[in-house]
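Each of the two complexes below includes subunit A, the first together with subunit B, the second together with subunit C.
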Partner chain A sequence: MISYYMKLALLSLKRNPLLSGLMVLAIGLGVGACMTIITVNYLMSADPIPQKSDQLFYVQVDSWDPHESRDERNLPPDQLTWTDATNLMAAKRAYRQAAMASSGGVVEPADADAKPFNASIRLTYQDFFAMFEVPFLYGSPWSAEDDANERQVVVLSKAMNDKIFGGSDSTGQTLRITGNLFTVAGVLDHWQPVPRFYDLTTGAFNTSEDLFMPLSLKMPLELDSSGNVNCWKEPEEPGFKGFLLSECVNFQMWVELPDAGDKAEYQAFLNNYVNTQKELGRFPRPLNNRLSDVMQWMEIQEVVADDARIMLWLSFMFLAVCLLNTIALLLAKFSAKAPEIGLRRAIGASRKEVFIQHLLEAGSIGLLGGLLGLALALLGLQGVGALYGEFADNLTSLDLPLVLLALLLALIASLLAGLYPTWRACQVNPSQQLKSQ
Partner chain B sequence: MLKMQHISKVFRTDLVATHALRDFCLEVAEGEFISVTGPSGSGKTTFLNIAGLLETFDQGQYFLDDEDISHLSDNARSRLRNEKIGFIFQSFNLIPDLNLFDNVDVPLRYRKMPASERKQRIETSLETVCLASRSKHLPSQLSGGQQQRVAIARALAGQPRFLLADEPTGNLDSAMAASVLDLLKEINAAGTTIIMVTHDPVLAEQTDRQIYVRDGQISNIASTGQLAEARLVSGA
Partner chain C sequence: MRDLGPILRAMLRNKTGAILIAIQIAVTMTIIVNAVFIIQQRNELMARESGLDEANSFYLTSVGFADDYNPQNTTQEDLLALRALPGVVDAIQTNAVPMSGSGWSMGLQTQPGEEFDGTGVAVYMVDEHGLNTLDVELIAGRNFNQQEIRWREPAARTWPDVIIITRDMAEALFPESAIEEVVGKTVYINDDQPINIIGIIDKLQAPWVGWGSVERAMLSPEQTLFNSANYLIRTKPGQRNSLMPQIEEMLANSNKGRIIRDLTTIEDTRERSYRRHSAMIKILLIVVLTLTLVTAAGIVGLSSFTVNKRRKQIGTRRALGATKGDILRYFMLENLLISSMGIALGLALTLGLNMVLVNNFEMQRLDWYYLPFGMAVLWLLGQLAVLGPASRAAAIPPAVATRSV
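Here is the complex of A and B:
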């Protein structure tokens, strides 16, 4: 019977193409607007590393001003000082750990004809790659010895390797960066976590860096500091070293703690560390150390902005308005079909059969509306991309679950819109309809 | 086969109650061809609607094949309509988007019959009304008489125990009307019971039994004079 009802639905759509088109358009507009906003919200709030997001913890210790909290929510600073980052790394108390910082520098390709260019750099530790499951195309991460011995090694992003080495296996080759010669340890495959959770302080939706190199090189090579630098008091010594040894925060740190016991142990270690530092005259504030897993950290950092949430509600309200219009149009359509419904009831259709037939008709309108909505959502996402530029590039693509969600949303919306008109259609009195013919 | 005992039906509005049928009693035996006449507003159509299970009634009892249908659910009434009753309407009531084959198919669809059996029944029905060659045509491509034949084919396809015809020739010229009546006679001769509401005394006289309805009651077996009176009153 379902195929028969579908055939009747298509005939009914063809019977009044203008009315059918208006309904498809109403649902398409509502679904398109909703899906545009849902997609942005979904990608903003998606778990970027679901297989282990509950085992990765962002480290915060409260080294801030004794008289004023860093944050109105009394959260610790969102970054670490150089001193704390390097001390915690040296302690090696987690299964894996990686302090890191954002930097940048000039790359001078070996080809004399190629112009030097600026590249973004992530300074970090060897564990970064295993901890975040970063895929390698060639080579491997540098070693722990490279970190410890401040060796000038670099891992290139795929795009950077394509640009400098034409996509070939460049491991072992040398490259001049910031005036220093680096050896390529490895080349990444495409890697762009969305959101870019490992450093939310410099933008949750920025692209991942061009180059990765040991953080231990920062002091000897005096590598630039980029990203956010926040200080609650002036550095006590001038110069680069003075900055590094100050209470200014510019470094992030993640640890991998496979189970709850590991987390409790690391939390105790952090508290113990801060208490030791207090004895040295640092950390004037009460103990306030935090370990936040990936999703908690994204929540704290408000990756999904409030205005995006408001837009989501507005888009659902718009869908509701579109549905009200669809209900009105369906009422008009089904009212016009009353004589046929009366006839079908007279010659044997039960109310249930009339109900299913017309609900399927509403559903088929919904599916067509869903397809139109998908096309409109793609247009809408392109609009978002054009409006926000590179920032939104990673937020404006529809994946299979979102496509299915759009069709499901359209189907549910149209079935909801169809319920009342369909119920009305079932109330048609056949004798009245046949008499009025 | 059909037995109505003291059936009453009142249509009520806020202002007025209209007695469409009052104390209406009728028995129809299997294989009969009955005509129902009477002036407009006499209750003919209400009787036909109740007989066809399209309307409920307020009082009395109605037995169809010895089954008391007074308290049947809406679903059960739909099923009975589908299986036992065929309808023929004055204005044919064909579905304009469906071709003849699909129009005749409609009642069979609700019987959940295998496709091969439906096809065979549809073809047989269309052959009976001499329209098998036009099964892919739309109703709008046929004359009024042909459309009524399709409606008869649709009613026949379900192989009903009885046919209810409401002014089946009302929209046809006399030649087409005669042809449709001949067809109904053939169907009746094959064993189907027919109840036909008509204003036309000439048609009524050709049936086995004529019933004259007035003020919601069977007046008596109609005479030719009453049929003529009915024609005058109704303006037919």
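Here is the complex of A and C:
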């Protein structure tokens, strides 16, 4: 029976190709626009490390100016001072902990023909790799002793290893970076968290760094500070060391706290730490220390761009227009079929059968519209990629759940659109229709 | 107008169709008006000038890495060589470039003391060639002279004694004074270090295009002794593209202890900094266009259907003496009524969406004239869409009435 209704539905679609095409196009456009924008929003707000995003916490302490808070929302500064980053690392009160900063420097490949070039560097601690489950291709993270003894070791990104060592296992090799000789401890496999949650103070969708090395080297090697440096008072002593010991913030820190008890303990430890610092004359503001997990931190840093959210609103309204359009057209179409429906009812078709037949017709329009919408969404994502360039590189891929969502959206939309016209079609009074023939 | 009665009665008998179209028109109007408003705002944002000679300027970064790298000698040699090149108007070393996104900001205050708030300002460290290279005009006071330019050590904590500021910054600091009177005034940096304002320039944007006070900038007479330095170079018209590779090669060869990177034109910098706005504009334009077409197609489809359904009725009317014009007018008027209902609802929805956007995002209130504009567009759209089906209706011959009765 269903296959017969299906045949009827397709026949009916073919009878008014223009009208059917218009309905399919409307649903396709609505679904395509929605899916494009939903995908961008979904990837922007995606959990970059779902297996443990609720166990990783970003550390903020309010070391800011007594006269004004860092931020209108009275949040603490989004970064730490060197003093606090190193003190909190030395305390070792979390299961895992990694303070970090972004830096950069010139790499001089051993090959004399190869030109020196500039590379981005993440300065951090050994725990960074285990905490964020960073995959290694060769070698391993450096050791805790390397951190403590300020050893010149480096971990290369896959792209960097391909560029300098042709992709071979380079562990143990040496490399001149920022004018200093480093030993390669390991090489990462491809690793690009989206968003790049571990440092949201610069672009949330930036690519991960080329090189990773111990943060403890920053002071002895006087490594550059990239990212944002914010100060509320000038350093008290001159020179590089004066800058590090100042109240300027340029460092980030994450801790891994496996359960809620650990979090409470760490929060108490932070408060305690700030109180002891107050005795030294620092931290003039009231106690305001925060631990935010990955998703909370992304929310606070407003990772999802306003434009993307505005477009999400608009795209749903766009879909609504397309649906209204389809409802009106279906209504007109089914009402024109009243004589036919009257005839079918008169020769024995029940209301239910008429209902199923027309819902199938609406559903097939939805399915076709969904497929068109999917194609349009792929096109739309390409377009978004082209318009936004490298900013959107990591934001324009469609995965299986999204494809299913698109089809589901189209189907639900078209059934929703089909429901009322179908119900109206069932209300046809057979005797009246037959009389007017 | 005598058609009004029959039209209303016909509409009441088929309420749902009319209501659906009206809602569709309302939502379409809501999206179109708000989208056009956003587009217009982004256009205004993008039309702001940086102050530079954008078409003929570019910059590059020089990063020293050799152990014996000397920033002072390198800067002096580089600038001499750059300024001597034929085709180069002028060149400076600077810590930041307008619109580039990264720079340095400080606060200036009119009274000393840490209890007073400073006014945020973008800092450009330049020498006496700054005004010429940046293509800014001195509207009051004087330029720096060579003796005033100092070398800035990394992590230096003090500032020079004199600065030049933009007109916007002068107005922000001294809203009561005329521009000429601001010259010679003292302001304070780092809470209590006094600085004398010696000149005012017309216009120079900060490096951050998204900053609300992007027109507030100051020039500080210094050259940095950092390992990494930017050179901003202004060329004669039309010579930028040929000079860029030439200069890159010249600098790279003159000193092997450094690398030259990020050779970028100001035009590219502008494009990059405003890319998300231009992308938003394009996306919204596509949305507006598609939506207009969908709604128009919907109206065409639906009215064609109604016309077909009423063929016999129309034929009868024609047979009873109605002219073609009467039939045409009937359908046009019907559409006008439905559109007007939609537009009335659309006005409320448009303002509602604008309120949502104002409350949730950093958006401004809609200017009033967008509303009549939106109404006119939707009315016109409806009338144009119905014109085809209505003229087909008018073409139905009276003979139809006599057939197949």
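By definition in this document, the second predicted complex is superposed on the first by the 424 of 437 C-alpha atoms of A that agree within 3 Å, B and C clash if a C-alpha of one lies under 4 Å from a C-alpha of the other, contacts with A are read in each partner's own complex, and residues count from 1 in each chain.
Following the convention adopted for this analysis, contacts are C-beta pairs under 8 Å (C-beta built on N, C-alpha and C of every residue); 3 or more make two chains touch, one makes a residue touch a chain.
Since the structure is predicted, the reported quantities are computational estimates derived from the model, not experimental observations.
Asker: In the superposed arrangement, which partner chain does A:431 touch: subunit B (first), subunit C (second), both, or neither?
Answerer: The answer is first: A:431 touches subunit B but not subunit C.
Asker: Classify the contacts of A:22 with the two partner chains as first (subunit B alone), second (subunit C alone), both, or neither.
Answerer: second
Asker: Look at the residues of subunit A and decide whether subunit B or subunit C touches more of them.
Answerer: Larger number of subunit A residues touched: C.
Asker: With both complexes overlaid on chain A, does A:73 touch subunit B (first), subunit C (second), both or neither?
Answerer: A:73 sits against neither subunit B nor subunit C.
Asker: So in the superposed three-chain picture, is A:11 touching just subunit B, just subunit C, both, or none of them (first/second/both/neither)?
Answerer: first
Asker: Can you list the residues of subunit A that touch subunit B in one structure and subunit C in the other?
Answerer: none
Asker: Along subunit A, where are the residues that touch subunit B in the complex?
Answerer: 1, 4, 11-12, 14-15, 339-340, 343-353, 430-431, 434-435, 437
Asker: Inside the complex, what are the residues of subunit A that reach subunit C?
Answerer: Touch residues, subunit A against subunit C: 18-19, 22, 25-26, 29, 33, 67-68, 105-106, 108, 115-118, 178-179, 224, 233-235, 238-240, 242-243, 305-307, 309-311, 313-315, 317-318, 320-322, 324-325, 327-329, 331-333, 335-336, 383-384, 387-389, 391, 420, 424.
Asker: Give the list of subunit B residues in touch with subunit A in this complex.
Answerer: Subunit B reaches subunit A through residues 45, 49, 52, 54-55, 74-75, 78-79, 81-83, 87, 89-91, 93, 95, 97-98, 106-107, 109-112, 154, 158, 166.
Asker: Which residues of subunit C touch subunit A in their complex?
Answerer: 16-17, 20-21, 23-24, 27-28, 30-31, 34-35, 38, 63, 65-67, 114-115, 117, 153-157, 190-191, 227-228, 259, 261, 272, 275-276, 278-280, 282-284, 287, 290-291, 294-295, 297-298, 301-302, 305-306, 308-309, 353, 356-357, 360-363
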